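Labels run A, B, C and D following the written order; every chain starts at residue 1.
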Amino acid sequence: MTRFHSYLMNKILWFALAFCIALTLNFLLPRLIPGNPVDVIVSEMTTGGALSSEAAKGVYTAYIAEFGLDKPMHEQFLRYMGNLARGDLGISFARSPARVQTLIAQALPWTIALQLPAILTGWTLGNLLGVLTAYRKGVLDRGVFPIFMFISSMPYYCLAIILLYLFAVHFTIFPVAGGYSFAMTPAPTWEFFRSAAEHYVLPFSSLVLIFIGGQSVGMRAMSIYELDADYVRYSRSLGVADNRIIAYIFRNAMLPQITGLALAIGSMVSGALITEIVFSYPGIGSLLFGSIRQNDYPVIQGITLLIMIGVLIANFLVDIAYGFIDPRIRARTIGER
Amino acid sequence: MTVATSEHASFDSGSVFLTGLRKFFGIFGMINRRLLFSGCMLVLVVGFGVLGPIILGRDNPMKTVGGLYDPPSATLWLGSDNFGRDVFTQLMHGTRTSLIIGVIAGLEAILIGLLIGTMAGYLGGIVEEVLMAFTNVVITIPSIVILILLSIAISTRSIFAMGLIIGLTSWPWTARAVRAQTSSLRTREHVDIARLSGAGTLSLIIWEILPYMLSYVVMAFVLQLNTGILQEAALSMLGLGPSNTISLGQMLHWALLWESVRTGAWWGFVPPALFLTLIAFSLLLLQASVDEILNPRLRKR
Amino acid sequence: MSAHSSQVPLLETRDLQRAFGHGDHAVRAVERVSFSIQPGEIVAIVGESGSGKTTLARLLLRLLDSTGGRILLRGEDVTDLRRSNDLKAYWRKVQGVFQDPFAAFNQFYTNRRVLENALKLLNHGLPRQEHTQRIEAALREVGLDPADTLDKWPHQLSGGQVQRVMIARALVIGPELLIADEPTSMLDASLRVTVLNLLLALRKQHNMGIIFITHDLGQAYYVSDRILVMYQGELVEQGPVEKVFAMPKHEYTQRLLADVPRLRGA
Amino acid sequence: MIIKNVRAYYAAGSGPEVKAVDGVSLAIREGDVLGIAGESGCGKSTLAAVMSLTARPPLNVKGGEMSLNGKTFSLVEQAKFPRDWHGKMVALLPQRAMNSLNPTARVRDFVVDVVRAHDSTVRPRAAIEQARERLEQLSLPARVLESYPHQLSGGMRQRVVAVISTLLNPQVLIADEPTSALDVSSQKQLVLLLKLLLECRFITRIVYITHDLPMLSNIANFIIVMYAGKVAEIGTTQQIVNEPRHPYTHALITSTLDPDLRVREHQLEGIRGAPPDLRYPPTGCRFHPRCPRVMEICSREEPPIVGEEERYAACWWVFEQSKTAGGKEAQS
């Protein structure tokens, strides 16, 4: 086990380093804007006529003090880290006094509810389709597969736009925007769930089709590689049944795909940002979109932080899982390609 | 160190280069339909974006020529957008911008990837460890985060800057692959033979290792080009596109923001979405069909 | 052969070592190998896969740094040569031929380029014409027609021909010692003999010392004067061929000799 | 078992096919080990694929039939063979045992699949028990059943594969260069194992394919020498080794380097040239461009078969020799 321990320590160290670098970037980059972010906001407020110059000055000093932008950089950094440690992401510029973590907590469930089922469904169906097209060839390989290959090469937001136009605008089968009817407030009622389900269909389909496409293309290539392996030829020469051979191939081609699943779940938050914008779905994507338009830096930083944490954790878990699998199996199933 | 070559192995090894050569020139000889299709599509798209504005004399995509979402007509072939600008002109210029950004990003990613990958793979030891650790850290930080933060930090984003930013986040995968290839190539006997003839490190990398990676590099560039174009579109749709110009992503951005989809003004969003799809599909098809030619395992089917 | 022992050997190793990796996980590919070779002598190093014989070849060719021990060329310590010019000087005297003739050629260049590159090592500033003469002479010596070989790509030749071009490459440089790492193992039996005969001719013509690395006892027996047996990185036995074959001392050599299939039975 | 007139070509993209095996017939009796010898590109591995019913595109079988136990099938449509032929009538002992076992399955799981493929009523436990018994009879450790392939040494892996291939007591075992990646000690052990399998009557016929003549002379009692997709000579091992008739066989035998004293006594001669490109095989006798005994007729006409069914050579020179010898006999 000592070997595994040192592997683990090594990994923890590297991920800690990656995390520190990510945090520093997250802190530093928005502060590179010439002047400071508050300048931009306040000037926009005044030009918009929302504020008199007197009031603007008040807002300005209040913001500067609130965000500690008058302090030297290192002090700001310590403060930022200290707040983070307490789970405090600060106050939204645009929706003050709402705290960033509250805004994110409202949006995140929508994103997860949209993405997680789409990823799991797409992954499962895509892998099955991939193996079957590789092994069975015929109609599946020449008819169904190219369609999914086309879909998978499509930018996912383009598919979203086209689905939206076709099924919500041209044929008004589904609602055009939002996560539920505007007339409602979220409540655990039958009507609300019905409305949410109606709003769910299009964004979900746009994601799931892309996932199936991408997954099946990858799985097909992997399966073709396995099909050519010596062990397949040998098993066939001994008369081993087809379904057993497919099971071998599936299992061996699957190992790398599991990594893909873990990483897809880890990057779930950033995976469908634009889908949400297209459908005005009340998740993280829409929140980010609004925040960018309003120069709401604390919210943007909060979201980027969330994305990073998800991806880093997923990567970390995948690496640890690989430490468990025997390295020789790993080398043979993944390393050689 | 096998006892002797098996029948199959030597059947292959004897003609490795023959097949290699055939692979290269065969691209012309055994053009498959998919390659032909994707190639033609790309030529058309590039011609449209690069030559279109010159031939048609439509050099200003920002000029207001109509009203809010005028439908297509004899003068406005694809109608006008939310600001009354000609969608057709925007499409040409947008295509060009997207392609330029993609090329800049792709070239940058390939160059950085090649530099870091060959250095790490060839030199090995501590250099390799440091470079690969750096690469792995960059890989684990999601590129979209860096892109968002960097785009915000640069308040005025030129086309060139957009390309650079995108390229800066997409090189690590190329670097990894190049390192893996380099470290296996450097143990090949022809590299040893060249060393025994007194060749220096740089000349070894350029003359003995790079030629073997040429086909990979071309394919990686195609993929990076695709990534670059799509990343630009995603950033633009988030509202972080290049300033003071138009790209396919920005056309979609404005179309979404000004409710072109929901008001049924299809000419606002269908052309850019179609073009993005077309470019992405052609590039991937090109990559796949070239891969098929270079990789006999897939071709056999 | 023992008569040479008073002379300064052409090449000598003392406790040569090479380990890969560090600490507990280190693999000792070559472990305390000491031997020497005289000018004009053919020494066979016999070992099976994993015995460390290819690592040893790369150490001797200075393509790989040792992790212990010394290498001496005509009494001069060459273990720590690092500078490009020093290494070039070494490679003028010590050259190599490798196992896989097709892998040893860069597929992107013709035979002419490989041979001309080898000449660069000599940096005499030879006139161009002399380049060509030297290359053509070398090709003729290995039994190839220069006009028919020079501008061909390696894939246009058979394995045996390519291997002979490889030997011609070494001849162009004119080394005192040739290290041949399994030069015949990828060749068919019928072509193998041609290459072995060529090695014998080189020794006769140029008084070249040859280290012939092989897994095949029969070939070792056919070409060499002395034989070294390697097992798990160590030199377990060495001596004149007849002696080693007639009275193998080490248990491994005995087993090896007993297990080799013979055409007409044991 | 009899195999008649096998022709198997590789489709080579554009351009002519590679005629890897072109009209080969052979017969093997119960209890025999038939060796097929030849150098790279002679078609011996292709023949192994055809005989073990594992030929797949781009290798296409153009003709030939196989008879075994009174049943005759055309080899052309390999997929049409009844499934119980695979493994039960004909079994393959492949070249690379390293890759021939599924890397992520234990040996016993594969054993279960093999046994149950032919009799689905067998319980998995019974299948494993059957394999365990077999291993013990052959004095191999039964614990290998619990291992993953990578946990076994190269030699052990090849022996395990040999046991699995013969588990169903196939009528013919096709061994395709099974020792080429092994060290000499493991080679010897594999050969001993195969001999033991014959002795125990688990298998009754072996077709052993290799480029390694000394190895072959230690296991086979009949040898077929192939050159460029055709049979050059057939005979018992003694006849091939001691009285080769075909110039090619002769050259092969003389260029074999045994580690014994005779080897050093004289300089050996190799064969000039290289094996032909089988997309464009030479006219007449395919060996004629390299043959030291080449005659004018060799490049024009296919060589005649000289000798009987079990001892012949296909060669013009041999034909001439036999004619003059026959003529002398008639005179005296």
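Structure notes:
Going forward, a contact is a pair of C-beta atoms (placed from the backbone, for glycine too) under 8 Å apart; a residue touches a chain by one contact, two chains touch by 3 or more.
Keep in mind that this is a model prediction, so the values were computed, not measured.
Common neighbours of subunit A and subunit C (chains touching each): B, D. Chain B has the C-alpha centroid lying closest to the overall centroid of all protein C-alpha atoms shown.
Using CA-based centroids throughout, the chain positioned farthest away from subunit B is D. Between subunit A and subunit B, the centres computed from C-alpha atoms are 22 Å apart. In whole angstrom, the spacing between the mean C-alpha positions of subunit B and subunit C is 46.
The distance from the centre of subunit B to the centre of subunit D, with each centre set as the mean of the Cα atoms, comes to 50 Å.
Averaging Cα coordinates per chain places subunit C and subunit D 34 Å apart. Residue positions 2-5, 10, 14 of subunit B are each in touch with at least two other chains.
Touching two or more other chains at once are residues 48-49, 158-159, 188, 215 of subunit C. Among the residues of subunit A, none is found touching two or more other chains. Against subunit A, in their complex, subunit D makes its touches with residues 52-54, 56, 83-88, 91-92, 94, 96, 98-105, 110, 113-114, 116-118, 148, 150, 161, 164-165, 168.
For subunit D in complex with subunit C, the touching residues are 39-40, 183-185, 187-188, 191, 211-215, 217-218, 241-242, 251-253, 255-261, 263-264, 267-271, 273-275.
Considering their complex, residues 48-49, 54, 58, 61, 63, 84, 87-88, 91, 95-96, 98-100, 102-108, 114, 117-118, 120-121, 153-155, 158-159, 166, 169, 182, 185-188, 215 of subunit C touch subunit B.
Listing the residues of subunit A that touch subunit D in their complex gives 229-231, 233-241, 244, 248, 251-252, 255, 326, 328-329, 332-333. Residues 133, 136-137, 140-142, 144-146, 148-150, 152-153, 155, 230, 233-234, 237-240, 252, 256, 261-262, 264, 266, 269-270, 273-274, 276-277, 280-281, 284-285, 297-298, 301 of subunit B are the ones that touch subunit A when the two sit in their complex.
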